[in-house]
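Multiple structures follow.
What follows is chain A paired twice: with chain B in the first complex and chain C in the second.
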Partner chain A sequence: MTSTLNGITLKGSAELVANFFSFGINSILYQRGIYPPETFSRITHYDMNLQLTTDPKLKNYLTKVVSQLKEWLFECTVQKFVLVITCLETNEVLERWQFDIDCDKSAKESSAPREKSIKIIQDEIRSVMRQITATVTFLPLLETPCAFDLLVYTDKDLLVPDKWEASGPQIIDQSEEVRLRSFATSIHKVNSMVAYKRTDSV
Partner chain B sequence: MAEGGDVDWELSKENIQPLRRGRAISALHQALSQQQEGDSSAINQQRQAFESELRMYDGDDPLNVWDRYIRWTEQTFPQGGKESNLATILERAVTRFTEENTYFDDPRYVELWIKFAGNCPEPLDIYRYIQAQGIGLKQASLYIAWSEQYENNGNYRKADLVYQEGFKKGAEPHDKLQQFHKALQARVSRQVMMNVEEDDSDEEHKQPERVSLAELKSRGKKKAIAPINRVGSAIRSVHSGMQSHAAPALGNASNSKLVVFDENKSHAGPSEPKLEAWKAPPTSKAKENKQKPGVWCDVKIPLKTKFGHTLMAPPPPKPAFQPFVEESDQPPTMTPCKINPAVNTVLSARKPCREETPLKRLQDHHQQHNEAVSGKPQEQSMYCKELLLSGATEFCFEELRAERYFKKMRQEVGGQKDEASASASN
Partner chain C sequence: MLLSNRLMMDLEDDTSVLTTLKSFNSFISHTEAPQRLSEGSAGSGNLHSQYKRSMELLEAGERVHSNNRYLQLDGEKKQMELSHKRARYELEKVASDSARDLEHEVDRNQDLLGRLKKFQERETEAAKNLSEQVEANRALRKNMEGLNRKLEERDTRLNTANQTISYLKDEIRELTQRIQNQDSTTSSQTLENQELQEQLDLQRRKYQEVSQLCQSLQAAQSSCSEHIVKIKELERRLALQEQDIAIVKTVKSAVAKVPDLEKDLKRLREDNAFLRESRENCSLLKEEVEGLRRKLERMEKKKEELVNIELEKERLAEKLKAWENLGQSTGLNIRKPEDLSREVIHIQQREIALKEQNYTLSSRVRSAERSQNEHRAELCLQRSKTLEEQKKRETQDSLVRRLQKRVLLLTKERDGMRAILESYDSELAPTEYTPQLNRRLREAEDILQKTQSHNVEMEAQLTKAQEETGTLKLQLQTVELELESLKKHQASAADSNTSGTKEELSILRQKIEDLESERQRLEEQNNILEMRLERHMLQGDYDPIKTRVLHFKMNPTTIAKQQRQQDIDALREEVTRLSELVRSQKEGGAMVQGDSSINASLSPSLPPSKEVVDLRKQMEILELRNQRLKEVFQSKIQEFRTVCYVLTGYQIDITTENQYRLTSVYVEHMDDSLLFKKGSNGSMQLMETVFSKTLGEMMALHLHHQKSIPAFLSAVTLDLFSRQTII
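Up next is the complex of A and B:
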């Protein structure tokens, strides 16, 4: 980690947030059973046990996405990061994990580091991760084999890199939305939310 | 930190039973907040409404009320448990319609049975029972739930057979059944693969084990000492052991040599067993763990008095208090017991509740019904018994009467309004 204990620089902040997404995506993919649990291995990060995929293809894909995301975070051009879980057969969107990113655009690479201890930030990230794990208490069981997709909302005038394509928002109709905790590095603020298909109850 | 909206659900996440269909977050918040405040009046009201609806319903789809009631209960009592009454309601609901053939292939009814089976100690019995009754034979969901139960028990073969049965019966939706069947096959084959892989890796990373009758390399220059660590490099490899008897080290004499006969190498010439010479005659008493002579510098020698004999430790002084002595020396033959132990049932063993399983009750109910049909009614109640007892709670006559009265009142008020509006339009 490039950020020091005393303050947060833009670069460090981007790195922190990108790291969070990397672990967060892995965690969701594991918790929701998108990939078989045997393909994950346990590691300790943020002082908690997390699951990281060992599937080489998935690993490669995630590394690519996260490094691209880090660049955008550094440029403060990313607004939202969305993980969409779709049914493999019908392509219906079943779950939508949305992370809204507020960037403080006044932060420049050269500007002085902000005051926020890394310990507090990690505490906040930890509570978000815990909440992601806890969501199984109300999320519906994903009964069918599912695929996932990652969407990034950026500022409009951005060049889309190779192998990225524009897509729709993939909103679930008739969804139930639950706001999760948020964390902030004082440069980037990440609000998380999960939406899922509403149960056909009372 | 609490800006992530309500965190109620996270604080009590251990007390929320996950549902297959998920939970409505608003219902969850409501249930949790009501629980915290101890305010159950709203819940009771709603339950009462459902209960009276069960009794007053005169439409052609009584299952609908039950279905709604059960789903409401699931959402309202996140931790399940006794106060939710879910088990009772489910049981009443499934027994209520065991004779109504029209519901047998209703997905809602099958769903209720599956939920009911999940609440029973022996779900497989329930599935077999309803199969025998002919309920849900054309519902894919039944076969899926049944197979999952077998899979959870580790019986993959039966799990597969259940799907075959489903295909044979032409259960609908066929796609769904096929999809779940494929998923099962994928899981099973993956597991088999994993096991094979694990076996392989087991052999590779096998912990070094002590080998019986292995020859050890000796340590030490003057005396041959067997190493403490008797695995891995400490063991002389078997092949080298075969030839090493040609030039045995003298120091190694204390290790008995054991040559294992190898029939493949027998042509190399018979190897004579060589007798080891005893270094010293065996002691008469082969006692181990004898105290060894050691340094005495730490040992205190008892002081000698000037008279020449050792000073004895002074006898312990008499205690300053009088030790309590039981008056009657003999302990009572039995500990005093006020309660007659024959009557005391406080710590009785748990009753074997095998007789009272839900399935048994169901079968009883079925049997009773058959007897009633066959024309020997044993008892007949001359009041509307099924109305009083049909729901999860019991109603009294007054409640029923009040319910009818209110219904009538509502109709009259509605009628008057209609008339009023009619006259206004005139």
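Up next is the complex of A and C:
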């Protein structure tokens, strides 16, 4: 967390958002059953019980992505962060979890920390996580074996780091979108939404 | 006793008196002694005195002595008195005691007298009692005598009883003897009993053995019955075998038809081949037909197109003619399309020039419109300002009215208050009211002052508002003047171009309207497109110019896809391998029944599974067993049937279900047989045959009257035996 009590620096905000993504992705993977539930262990964070994966390969992948994402958040060059769930049999995209990131570019490294209570931010994050858990009620069941992918929408003139490549947006054909809650540190604002393939058209 | 006490007390007093006297005397003697001595020294003169003194002393002494004597005599007297008293007392006591004793004696006497009387009475009573007793005694003696007599009788009886007792005892002895005899007999009998019981046990054991034998017999019987059942089954199988024989015969007959069938087969095959060829031809023909049909359709379409094209051609020809005539109609020098194009270019140039003019005019118009709009806007502003000022003025007027009303009310209040005050002053009530009045006065004065100040403020505001309205009015008037001037200017400006520009204005107005409608439409389209864009953004679309989508190269989806592909390939390979295995197994399985060696040679590459080999072996064993059982049953059945035939004289065949045909040994013709049918309730019924018609008498006798089938059958045998010609 941040060093000052109430003020959020750019670095601290980037870390908060990256942590949220890390836990959020784990939660989504657990809820949607992409990985078997026995590979998840229960931990407490943001004053609630969350699931974290114990699969070493998955952990490794997530840490790499999240660390790179943290850098980009610090540079304010990331626009969206998307988790795509594809069906392995038909290679169709079934679900898309999209997080739009608005970065206040006026807050640079040297500027003073902004006033926003960490508790409020945590409450907001908690409500978003709870909503993610609640989406299970209306999202269609994923019956076929699925795999997931993480996409990052960045500015065009960015240098592509090693081990990353360009990809398509992987949009769902005939999707239903549902907007979820958003949370904001005083520097970054994250809007969440989930898009899923309409089941009657399948 | 009291007297004695009193005496003692008096004595004591006397003694004390005496003692005191003695003491006094002693004292005096002492005092006198020293006095005397003292006086002695005085001189001889004192001898007289001394003599006197000594005489005095002697007198005193005598006195004392007399006193002492007196006292002694008193004492003695007292003692005498005391003794008198004592004696009296004692006498009195004695008297009293004697009186008492007397009394006692008298009492006792009386008592004794009474007792005497009582005793006398008792004596009389006792005498009476005595007499009575004597009489009773006499009666009792009589009773005694009676009793004695009874006793004697009883004695006699007792004697007799004793005699009887003795007799009885003798009898008892005899009985005991008999009992002993009987005991001996019972013992002997118990011994016999025991022997009998032993015999009984032996018998029981024998019985058990016998029962066991019986059970074994029954078991043997059941086994016998089972054997009989088996025999029946074997007979049934025999019948089935005979049926099979019949079937075989039919099969043979069918087999005889085989060559004919083969011929038919050949013919049919030829027909088949022919039909196949014809079918192929048919299919070919069908394809040709379809091709022709398609061609037909195309041709028809082409025809239609042709027709359309011809129509178009005519139209185009007409157009051409019209175009050619154009030149003639317009009067221009047009013969070729080049001239037309030239003319068109001219016209276009003219158009361009006109358009330029149009544009300049439109720009002027636009500027004019702009200025007009500005003025209009100013007008609106001013109008709105005036409206506001009017509203303000109205509000001010209303405020003024309200204030005036309030002032009126306040003045009324004040008058009222003043009246009250005056009334209070006039009444000059007690001093209690004065402080309240003063307070009220002060309050009223304060209120008055406040209202006055408020009034002053309102008046000031009013004046300000009035001034503002005045200024605004001035402004309005100036603006109106300017407007009028502008209008005049515009009118003057417009008058110059009225003829030409009125049309342009209308055209321009129309253009403006069109542009406005187009703008609205474009706005709507813009909104729709924005919504669509947002939706696309939600779906994940992005602007390729500004953003780029990145992902990790080794992401889980690609890894999973690769894994899946590998799995699929592996599964496919396994599937092909397993299908080959299965095919080889099937071929190997088909050959097993015919030739096992070939099976062994066929499957060197594929190892036959142990289960399959075991199952095949089991199958062979079971089939062998089956065959053996069949042979055994056949032989047994045959044996049994022959035995039955020999012993009973009847050959029993099962023709159909539940129908049994009996042919006798001694029958004259081989076709003579009896048919029995088994009914649903298990009873056998004789069916009518040619032979049975001849046995009507025996049937009536044995079946209808005696109701016995064996009797009937034996009667038939005997009859046939008697009739037989060949022995």
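In this text, the second predicted complex is superposed on the first by the 199 of 202 C-alpha atoms of A that agree within 3 Å, B and C clash if a C-alpha of one lies under 4 Å from a C-alpha of the other, contacts with A are read in each partner's own complex, and residues count from 1 in each chain.
FYI, contacts are C-beta pairs under 8 Å (C-beta built on N, C-alpha and C of every residue); 3 or more make two chains touch, one makes a residue touch a chain.
Please read these numbers as outputs of a predicted model, since none were measured by experiment.
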Side-by-side fit of chain B and chain C on chain A, or clash: fit
Partner chain in contact with A:96 - chain B first, chain C second, else both or neither: second
Contacts of A:144 with chain B and chain C, given as first, second, both or neither: first
First, second, both or neither for A:19, with chain B first and chain C second: neither
Partner chain in contact with A:186 - chain B first, chain C second, else both or neither: neither
First (chain B), second (chain C), both or neither touched by A:79: second
Chain B, chain C and vertex chain A (Cα centres) - angle in steps of 10°: 10
Partner chain in contact with A:170 - chain B first, chain C second, else both or neither: second
First (chain B), second (chain C), both or neither touched by A:61: second
Which of chain B and chain C A:127 touches, first, second, both or neither: first
More chain A residues in contact [chain B versus chain C]: C
Closest Cα approach, chain C to chain B, once both complexes are overlaid on chain A (Å): 11
Residues of chain A at both interfaces, chain B in one complex, chain C in the other: 145, 177, 179
Of chain A, residues touching chain C in the complex: 58, 61, 64-65, 79-80, 82, 84, 86, 88, 91, 96, 98, 145, 147-156, 158, 160, 163-172, 175, 177, 179, 193, 195
Touching residues (chain side chain A, partner chain B) in the complex: 36, 38, 89, 124, 127, 130-131, 134, 136-141, 143-145, 176-182, 192, 196-202
Contact footprint of chain A on chain B as seen in their complex: 1, 3-5, 7, 9-10, 13, 16, 18-28, 68, 71-72, 74-75, 78, 179-180, 183, 190, 194
Contact set on chain C toward chain A in their complex: 535, 538-542, 544-561, 564
